[in-house]
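Below are the structure tokens for one structure; questions will follow.
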């Protein structure tokens, strides 16, 4: 049970009659025209402007998560939109509700795994030993190692090398990325299967490099997908497909029923 | 009732084993490292990369909508988070659900008003006459003109002149912005009140300049607020206030009940 | 803008260390074992226990709305569940988000239409004249009359006569139901088409008989559908179909893309 | 990854031009006027009508969960409603999103604990030994035993004895309820604290008696709360308090900011 507090506070934003301040910066004069949307998201999460290097890397990881086609999340948003076209926000909300453990959770899981292994651990760290231990722990618990493998993108997820390249070019490929890469090798050796780091594994590792706490990592995927879902809703309004998907499913079930 | 279609299609994204394409661009090689998050949102909505001018203006309008303090939307997200901290995505979804007619709807309303007045209208247009007519129509229907006035930011909303400046500097201050400005003057003359264009009015007009259809304009606010809400949830995890707000409300009601 | 209040109050529920009171009734001793779920919903909305007649009618209208097969709402809930099976509440929430103007809105529209026509109107009322006027008004505005016609259930919606029968048997078929029935006749005469009262029209009229305000009528459908969606989620966990619906849609789109 | 299926099926509902069938029963003729809302929910979850005894018990447990005052869930729904009063369904959805591990999760946890301990275990079962083992396991993992203790209702939750009484009177107080009661005693003995079975513990146990699978138990709370939230939204429309709660919070934060 949380504790009672005498005064509630928030450091995010503040308005007066003449001013609007976000994270200590004057919105009209210090933010608008000076930051891009990814930078503002970084500011919102960390309380400070990104460096140019952080801006490049953070924009890249959020962008990676915006769009991945006609996902269950996009279908949910489109189904919602055809019932309540006047409430576009509810369609986006419906689409976000499913961003749980199955799809975006592996990103959070990867960050959590790396954070637990490395954060607060003094140098020098034997990454190979740490990776071996981590892989052994997951295998002992019969748990999938988060951030490895992909049902479609084989043998490599094309996003991963590019994200790692961008991180490296901007000086943000440190020991979290390195540990993730050794975990991949150890997991492949232990299982005898191809288990390439997928985009969520790469992003989880890079979020650690950016010092984002693992419990907010899922939020990167959520904000990204909100952008993607608005695009799907716009397309649904111009090229409707949800009605057709619905009708086909209902007919198939109805026939099964009639026959049953 | 929509029509059945023989084949469902979508032009947003496409994956093969080796490639991921978003709006016709190769995600790893043509998007990551080349576009910022606002640009990607523009791409997602329009199907093409923004020009540098469009990028500057579009990033600015989305950023403006990310954060406005402890709004009802932020309170809803925080209340949701304390009940389901394991489902961050549901907390963001809950916060988005209230972005309806009262708060972000005026942005859509302003765009709709300007779109109806100007789109497909051949030049030359007498903006003064059009504004007079528009104001008279809304007053006759006893409907508030969307995008004018603000309960706190008086006599001007500090975001508005800055947004119009950025639009002008980038060659995107055309007849929609001009019409909005004349409507402000006409509305003030007709009502005898100060009715400055607020941020939602400015953004509605600029969305029209960017040729975004009015029925998707609310979506700009929704994607922006998703970013803001992730920030509120992170802060709630570090500096909890929802529990205190809840307890105070419940105690006050309980006392009222006991006395009643 | 709402007004500030010195004290916030709520009359719905109240707890002390030893007691829990809902709408003035002691939950353990006066409600549990004495009311059914529909009665409790009636209590929650009206502040009083239903009479046996109201109980019969109210239970029937809510039940009617629980389930109508694999609707877009059910598909959205199932799609959400496969992404976040640990957050069942979010799957129900996603399914509810689409209960807007297109599907359940007609129930609210019918109640609003009847409420506007009859509430506060002194007897005697010439229902034929009122119906003629109402139909003429909707036709002049080129607006569909809510609660009439159904794409599948023709020439009659089988729920409608049964609901009207239950209302009549319980003394709750008054002038709202009568007006709805005359409107059906007038609309058919004016349009030359079969426009039978559908379930939402019948329920809208009966909600008026129960003196439920029209702006809460949609809520009857929302609470009902929440029950239905839990059933769909349970079935999805036992007989998964969302994955298959998703895969087929994605494949069809991918092929279209490859060819395009 | 789920498997592909050749044909999607659903056994929940089915419509033809003239009929609507829910779980094999004709909706107009076999359900409407014959079942109450709780019975229909039972039918929806189990595929069969409840016996009179099951009806009494199931209605009681769902009713217990409908309303518990101005919870975070109710505040989230009210905050959403003031932003989007035209989308009542989205306000209910927002309120449901927070029904996660913290509040309703203990119900699911209790059912899961009892199900794991007892289901498929042949008679005779030594309940004392089983309870001792269960309590020891939770204590070893430093995990709270679900369904025990309450911050307000001390030393007993008034709903618990009443729910167990209703279950017993209807022949549905079997070994799951008995095990829960022995776990209470063992937990109190092991911890030296008062840890009375709370309503969620009682309901979790009774859900097991009704043979509802534990992974759907949270859904009972979700459907119940949907009803409660519609009541809160109606009251908010008649006696607004969300605006006041919001304004106070924002002012307090603003003052903190100005001072900071």
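All chains are identified by letter, namely A, B, C and D, in their written order; residue positions are counted from 1 within each chain.
As a working rule, a residue touches a chain if its C-beta (ideal position, glycine included) is under 8 Å from a C-beta of that chain, and two chains touch if they have at least 3 such contacts.
Since the structure is predicted, the reported quantities are computational estimates derived from the model, not experimental observations.
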item: Partner chains that chain A and chain B have in common; value: C, D
item: Of all other chains, the one whose Cα centre sits farthest from chain C; value: A
item: Of A-D and A-C, pair with higher C-beta contact tally; value: A-C
item: Chain centre separation in whole Å, for chain D relative to chain A (CA means); value: 31
item: Distance between chain centroids, defined by C-alpha means - chain A, chain C (Å); value: 37
item: Multi-chain contact residues (two or more partners), chain B; value: 8-11, 14-15, 69-70, 82, 84-87, 89-90, 93-94, 97-100, 241, 245, 249, 253-254
item: Touch-based graph of the chains, sorted into line, ring, star, complete or other; value: complete
item: Complex contacts: residues of chain D adjacent to chain C; value: 2, 4-5, 8-15, 17-20, 22, 27-29, 31-33, 35-41, 44-45, 55-56, 59-60, 62-64, 66-70, 82, 85, 87-90, 92-94, 96-100, 104, 152-154, 158-159, 161-163, 166, 213, 215-216, 218-220, 222-223, 226-228, 230-235, 237, 239-241, 243-245, 247
item: Chain B residues within the chain D interface of the complex; value: 69-73, 75-77, 79-87, 90-91, 93-95, 97-103, 241-242, 245-246, 249-250, 253-254
item: Chain A partner contacts - residues on chain D that touch it in the complex; value: 1, 7-11, 14-15, 84, 86-87, 89-90, 93-94, 97, 151, 249, 252-254, 256-258, 260
